[in-house]
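Below are structures written as structure tokens.
You will see subunit A twice below: alongside subunit B first, and alongside subunit C after that.
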Partner chain A sequence: MTQLTVVFRQVPHGNASGREALDLVLLSASYEVDTAVCFIDEGVYQLVKGQSPKIIASKDHIATFGALPLYEVDKVFICEESLQERGLSPDDLVIKAKTLPRVQIHRQIQQSKQVLTF
Partner chain B sequence: MGLFDPDMSTFVLFVNGPPYGREDAYTALRFAEAALAAGHEVRQIFFYQEGVLNASRLLSPAADEFDIAAAWQRLHHQGVPLVSCVSASLRRGVIDAEAAEDAEHDSTNLAACFTLGGLGEFVTAAAEVDRVVQFG
Partner chain C sequence: MTTTLTTLTAACATPAQLAHHLRHLPPGAPLLLLQDAVVMATQPRFETILARFDAYLLLPDVEARGLVSRIQKGLKTVDYYGFVELTLQTQNQIAW
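Let's turn to the complex of A and B:
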């Protein structure tokens, strides 16, 4: 049972959801709360390599996803179908993480005591 | 203190919606009021993302429109702590006296019934309740 699962499901630019969700994940992990992260739907774009948020005056939070292991967040799950539907593969992403079929992502969310969606 | 009630639950609410333009904050308010009326405990309402705009004391709706700031204040008077994320607030121009002094601003606008707090305050409160409910 995971204490908190944070679900990313929006694109990384156009709103600050991804950045503020990531802040929450890192803070939660630093408080030693058992924290998992899921990327589903448009949220998989949060992890795509080679983005340049600074051009649109945004903080580059995408690079900060690389800090998840430092915070000992090892439950990182990426939805396989969401990647496929968008023509993406795990090689396109800034982190190496487990891809899971949608049904298993659902299971992870069900097994979490708390879920916050961004 | 009343007798222990096995049907009583404890809640933390997590509000991401602004005070006007979207329904999330209003729904959170109604949820909190209903939970208290039913004898449950709302341990904290934490405001994040655009939710922090609820903490401005300058909200000025027309006289014939719903005044969400007054409703938050009533809720606070029932003992519910209203905590607005400090970093999300400062980015959006919601500022208390201490932060205004640090940033050398000439005024402040945090409503008296709110406090600015870190995400750590949310995480700590969330770990101790039965349910966390997100709005927006």
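Let's turn to the complex of A and C:
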């Protein structure tokens, strides 16, 4: 059972939730909390390659997703259906992570002791 | 007749939700997607609904999200000046 699952479900840069969620993941991982990360619905846009948030004066947290392995966060799951619905494929993303069907993402969320959504 | 520019700033989860938002909008009415709403213009599933309107996208918001190459056919982009021009061409603006 995972201790904490952080769910990304919003488009990046419209608000700071993506950056806040990533900060939380890295922080909890550095305190050795067993942390999993899920990208669902609009949250998959957090990982799209080629973003330039500076154009709209937004802080660039996207490159920091690459730090997840350094923090030993290896439970990173991307919803397969969410990618398909948006015409995206795993090659379009900044990190290599496991894609899972929606039902398995649900299972991950259900089996986590705590869940925080952003 | 009064013309109105409708702006959307949030992404809808499904085409049905977008259609619901726009149900009071006459066909061909000007519609501007900005901020998080621009992602809908990169998804084929929203194409039919957006095609009913005179739809524009705020380009800097698309560029920021790395989605310029994914904009669906038939959608026009505007910069900030273009946004101002749209507001001048219409009498009213509704942020939906």
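The rule we apply is simple: the second predicted complex is superposed on the first by the 118 of 118 C-alpha atoms of A that agree within 3 Å, B and C clash if a C-alpha of one lies under 4 Å from a C-alpha of the other, contacts with A are read in each partner's own complex, and residues count from 1 in each chain.
We adopt the following convention: a residue touches a chain if its C-beta (ideal position, glycine included) is under 8 Å from a C-beta of that chain, and two chains touch if they have at least 3 such contacts.
What you are looking at is a predicted structure, and each value in this text was computed from that prediction instead of being measured.
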For the three-chain model obtained by superposing on subunit A, do subunit B and subunit C clash or fit?
fit
Looking at the overlay, what does A:L27 touch: subunit B (first), subunit C (second), both, or neither?
first
For A:A16, decide between first (touching subunit B), second (touching subunit C), both and neither.
first
Now for A:L4: first (subunit B), second (subunit C), both, or neither, which partner does it touch?
first
For subunit A as apex, the angle formed with subunit B and subunit C - C-alpha centres, to the nearest 10 degrees:
90
In the superposed model, does subunit B or subunit C contact more residues of subunit A?
C
Identify the partner contact of A:L116: answer first if only subunit B is touched, second if only subunit C is, both if each is, neither if none is.
first
Nearest Cα pair across subunit B and subunit C, whole Å
17
Flag every residue of subunit A that touches subunit C in the complex, lowest number first.
10-14, 41-42, 45, 48-56, 58, 85-87
Residues of subunit C defined as touching subunit A within the complex:
9-11, 13, 35-36, 39, 42-45, 60-61, 63-67, 70
Would you tell me which residues of subunit A are touching subunit B in their complex?
3-4, 16-17, 20, 23-24, 27-28, 31, 33, 114-117
Applying the document's contact rule, which stretches of subunit B touch subunit A when the two form their complex?
14, 48-49, 87-88, 118-120, 123-124, 126-127, 132, 134
